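In what comes next, subunit A is part of two complexes: it sits with subunit B in the first one and with subunit C in the second one.
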Partner chain A sequence: MGIAEFASDGRVVMGDRPGAVVVAAVSGFLLLDLVAKLAGTTVFFLGTKLLGGSLTVGSLLSMVVDGLLVGLAVGLAGIGLSMTYSILDFANFAHGDTVTAGAFLGWVAAYITAGLGTGAPISELFMLNSGRQLSTVSTFFPVLLGLVVAGVGSVAVVLLVDRLTYRPMRNTDNISLLIASIGVALALRYLIAFIFGTQTSGVASGGLRVTLFSMISVTDNEITLLVVSVLLMLGVHLLLQRTKLGKAMRAMADNEDLARVTGIPTERVIRLTWILGGGLAGIGGYLLVLESGTISFNFGWILLLLIFAAVIVGGIGSIYGAMAGGILIGLVDSLALIWLPSGLTRASAFLVLIVVLLLRPSGIFGGVSTA
Partner chain B sequence: MSQRATESETVSLPDPTERLLAIRDLDAGYGDLQVLSDVHMDVADGEYVVIVGPNGAGKSTVMKSVFGLTTYMGGEVIFSGTDISQRNPDEIIYEGISYVPQTGNVFGSLSVRENLEMGAYILDEVPEDRIEEVYDRFPILRERSDQSAGTLSGGQQQMLAMGRALMLDPDLLLLDEPSAGLAPDLVDDMFDRIDRINDDGTAILMVEQNAKEALRRCDRGYVLVQGQNRYEDEGTVLLNDEQVRQDFLGG
Partner chain C sequence: MSAVDTVRNRLDALPDVGLVVAFIASIWAVMLVLAIAVGGANWANLAAGFIGSVTVLIGGYAILALALNLQWGYTGLFNIGIAGFMAVGAYTTAVLTAPTDPAAGAVPGLGLPLWVGLIGGMAMAAIIGGLAALPALRLKADYLAIVTVAFSEIIRLIVNWDGLAEVSLLGVPIGTGGATGISFKSANQVASTFINGVGQPLVAAMEGVGVSGPNLANLTYGILLLLVVAASYWVLARITNSPFGRVLKAIREDETVTQSLGKDTRLFKIKTFMIGCALMGLAGVLFRGQAGYISPQQFRPTITFYVFAALIIGGSGSNTGSIIGAATFSGLLFYLPARLGENVSLGGTRAPGNIIDAVAGLGSLDPLPLLAYTISNVSTLRFVLIGVVLIYIIQNQPDGLLGHRNEPATSVSLDRPQSGSGGEADE
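Then we have the complex of A and B:
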């Protein structure tokens, strides 16, 4: 390619997609800055610090691991949000509080089983305030049981909510459903606050710390999150691709009217959607608490914005998009710490959301729907 | 000009229990809006019947009403001796009727094979022999087996939609404008394929915009106007009737 041609190509890109050029320039600058930081050099320009600083490879890697972990949990929780959007056609604002409900149910179960026989009063165990910190290694079975209870419990919650709220209004428009879901969100959240109070309780901490490649340090709880969420995502993938009901779910997400005339039992598929989405949301919430160590009545609600961002980045309606979007948003949220104070990292996640939507309005996996 | 097409009012209707499909005095529509009034129609075992008429005549509504997709307002739809007029689509599919809608008739993100599997959803196991039969009928689908349906051409999607509908080996196939949106050189091919499906014993009730070609090929035709029967006769008789030609076939 000749220079002239190259230059004119460049001009075409500049003219057609100025946004892409700005994004490329900013990314290039940040990358340069990152390299400078890793090299430990600082570049000054006209007396002010232009770029650089110091950052060890080890801390960069642990940021990546942190982001990946949060991202996996967010992706797990996002699957349900994306599915209810594509199959039931509405944005479920109660999804974040399903995450909270599942996490509380799971942690109460784990706490009580771990505390039995230690002489701690049941009431204290139930309120999650005995001061004990659980970890996968030290209390394997209670943590495992809690995981199962989180899944099963959140399934029960969403099925109950569907039966009481959404099913009677199945044929109404999606705005009504959306508004109903906000009501459900508030009801769930303050029911939890009513029972467990509004304080933040510390319930988990790493029981064992392993150093990988002599640089990255991870806890047993973090490994649990990683293993469980990867296994579950794989399970969802197999379910969707290999099983009859999974294929029917994809079919229904694609074209509900055609699914109906083909003889797919749509009510059953809807129920499975709730079961799968709710269960994964509860487990996602439980795992996040396992990783972060603390639980409070509104953490799911706060997380919901991040989940929405992940699902939209991935392409709303796409299950694989939710997984990929979760990981992307998690990584951005964590890696933004390199450049921004910790209070602003959330904002960077939404900045990435905006940028992705500007460049690819239907999201990364948009238009591919569930496949 | 040899024979006059029969004006509907003068026909004495056959005994509905002897017909595969018999529609009698059907009133139907959407919500409060009535589209069909007093519609009657018959399809015998293995017969190929076409509904033609101007836009908005309610042709597709007849199909949808047979399949339980409209608001029932009165009358009967009798299939193999049972009244199915107030059943839901997911029950009707068990009776032996399959329906190919005009648009959105494949699951775009599913593979070709998965689309066919969905066609047999109500069976306990995937009927491999049926899939093979569909592939034999439409060889291009075998080639594209693992490709997602959304990437197929319009004609291929139409074949897939028919293949999906044939998975349950229905007694009656409802086709809503199978030639719509096809390139002109594919239209004849599509009609040939429909002929063959009918030759193999499946009765067909079809709505078609391409009225002349459809009437030439079918056994009998109905002309529907403003939600009511206007003419009915053998396809070629309708095709050669001066009144029908002038009013509905563009001279």
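Then we have the complex of A and C:
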């Protein structure tokens, strides 16, 4: 390809998609800046600091690890949001509170099991405020039990909510469903607040700290998050590829009436969608609390916009997109600290969400529906 | 005929102004009864306090619901970034009107008069709304929803950022105050000055029956807010009954048809979005910043959803419905349960500190602890109630109280009259 051809190609791209060119230029600049920062050099242009600064490889790696861990949990929670979006065709604003509900059920189970026999009063254990901090190493079985309860409990919650709220309105438009989900979100969140109070409780802290490659330091709880979420994502992948469920879901996402005519039991597929998505959301919430150590009645609600960002960046309706988008958004949320003051890093994740919606509404991985 | 239909028929029989006045008056009456029931000798002052607070709430939510109704009810723009546009208006006003020589630790502003600040706040909210609308309007309704809510969070995070807490713009020190917030000229102060100046005889007379000055000032402010609501209603009714408004309704019904009739629908949508955002900005100052102080905490996305609840209860598409919905939401669902919870006591049963102790009472067949716990936490439970009401309405009465009045896009009804069993009579 000649230079002239290449240049004209470039002009076409610039003319057709000015937004993409701006995004490419900004990311190129940030990358250059990152390299300069890592090299410890500063470039001045006309007397003002253009790029560079200082950043150690160690702190970059720890930011990457942080972002990756949060991103995995967000991706896990995002799978359910993405599935309800493609199969039931609405943005579920109650998904964040499903995450909270699962996390609370799981942690109450774990906390009570771990606290039995220590003499702590049951009401203190139930309210998660006996001061005890759980970790995977020191209290393995309670943490494992909590994980299972979080999954099962959130499945029960979403099935109940679906039965009461969404099922009577299967054939209504997606905005009515969205509004109903706002009602569910309010009811669920303040029901949790009614039972567990509005305080923030510290429930977990790392019991063991491991240093990998003499640079990255992670706790046992963080390793648990990593292992469990990767295993679950692999499980979802196999489930959707090897069973008929995945095919049925794809068919329903594509055209529900056609799927029903073909003999796909749509109501059963919807129930399985809720079970899968709700369970993963609850486990995602449980793991996030394990990693961050604290739990409060509205943490899922605050997380919801980040989950939306992950799902949309990955391409709404795509399960692999949700996983990848979660990791990407987690990394953006964490790595933005290199360039932005700490108060604005979350804003950068939302900015990515808006930019993707405007430039490429089908998501970065674009257009692939469910699995 | 269901209960809702009965209520609806009664509501329909009244003219709109009478309807709104009767509705708000009956909420006042409920507050008065509550105050008499729990206030004892102090009932007059308590009643003034209750009625003042509820009126301010109704006024604030009514302005917001009217603005949202213009965007969503008339044009179909699903904007859930209300909190962000309120913040833009409130912060602009705050920066414009904050004193140039503030108290120690507070942020200085430009020290302009309040009315300049209000106009500036509305203008800025409209501009930011227009900027947000410009690219976002080609998105589907639910994508627009997510973009606007993300946008409102970005605005909140920016005003919360300590880097903007106090900066120097062209040598003039201004700022947002960061997480601690900012103090500025209070709109409430205007009402207070007014009632203590012109209304001095009234103040004296009310103090005679035990109503305190601040409570009376607050009530005055609430009534001033209702006047703002009336003015907004008048402006919106003018807009929506004009040819401009007819295009908006046509966009809501079918955008493609409207476009093919030669209307630049994007321009119409952007203008509508800007007008609505200006009103939201105004409400941001007059409602959230009534006492002359705002902080980022007041502009969390939850307030957006409360406005949605208010509009859905009233029925989207109807301006009168927006006000009725705002009154129902803020008076009966938001304010009343909290006051009931504070003032109802169960003859000496103290509320347990947590739910386990409350439920434990049930074991010995004593429901009182659980009941006491429920009452003491009613300010939490009212949000569960709001959520359930929202779900009930969207499932059973998607039109809300007055949404069936949803004005059609045409000036004459296009519904064909049904003739008997179908077909022409002479067939």
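Convention: the second predicted complex is superposed on the first by the 348 of 371 C-alpha atoms of A that agree within 3 Å, B and C clash if a C-alpha of one lies under 4 Å from a C-alpha of the other, contacts with A are read in each partner's own complex, and residues count from 1 in each chain.
Methods note: a contact is a pair of C-beta atoms (placed from the backbone, for glycine too) under 8 Å apart; a residue touches a chain by one contact, two chains touch by 3 or more.
Source: prediction; values computed, not measured.
Visitor: After superposition on the shared chain, which partner residues are touched by A:Ala248: those of subunit B (first), subunit C (second), both, or neither?
Guide: A:Ala248: touches subunit B, not subunit C.
Visitor: Name the contact category of A:Val227: first (subunit B only), second (subunit C only), both, or neither.
Guide: A:Val227 sits against neither subunit B nor subunit C.
Visitor: Mind telling me which of the two, subunit B or subunit C, contacts the most residues of subunit A?
Guide: C
Visitor: Tell me the contact category for A:Pro265 with respect to subunit B and subunit C: first, second, both or neither.
Guide: Touch partner of A:Pro265: subunit B, not subunit C.
Visitor: A:Met215 in the overlay: touching subunit B, subunit C, both, or neither? Say first, second, both or neither.
Guide: neither
Visitor: Answer with first, second, both or neither: which of subunit B and subunit C does A:Leu358 touch in the superposed model?
Guide: Touch partner of A:Leu358: subunit C, not subunit B.
Visitor: Regarding the shared-chain residue A:Arg189, is it in contact with subunit B (first), subunit C (second), both, or neither?
Guide: After superposing on A, A:Arg189 lies in contact with subunit C but is clear of subunit B.
Visitor: Is A:Ala347 touching the first partner subunit B, the second partner subunit C, both, or neither of them?
Guide: Only subunit C; A:Ala347 stays clear of subunit B.
Visitor: With both complexes overlaid on chain A, does A:Pro168 touch subunit B (first), subunit C (second), both or neither?
Guide: The second partner, subunit C, only.
Visitor: Spell out the part of subunit A that touches subunit B in their complex, as residue ranges.
Guide: Within the complex, subunit A contacts subunit B at residues 244, 247-248, 250-251, 253-255, 257-266, 368-371.
Visitor: Which of the residues in subunit C come into contact with subunit A in the complex?
Guide: The touching residues are 78, 135-136, 139, 141-143, 145-147, 149-151, 153-154, 157-158, 160-163, 305, 308-309, 312, 354-357, 360, 377, 380-381, 383-384, 386-391, 394-395, 398.
Visitor: Name, in rising order, each residue of subunit A that touches subunit C in their complex.
Guide: Subunit A residues touching subunit C: 90-91, 122-123, 126-127, 164-165, 168-169, 172, 174-176, 178-180, 182-191, 193-198, 305, 308-309, 312, 341, 343-344, 346-347, 350-351, 353-354, 357-358, 361.
Visitor: Considering the complex alone, what residue numbers of subunit B touch subunit A?
Guide: For subunit B paired with subunit A, touching residues are 67, 69, 89-90, 93-94, 99, 101, 104-110, 114, 117-119, 121-122, 148, 164, 168.
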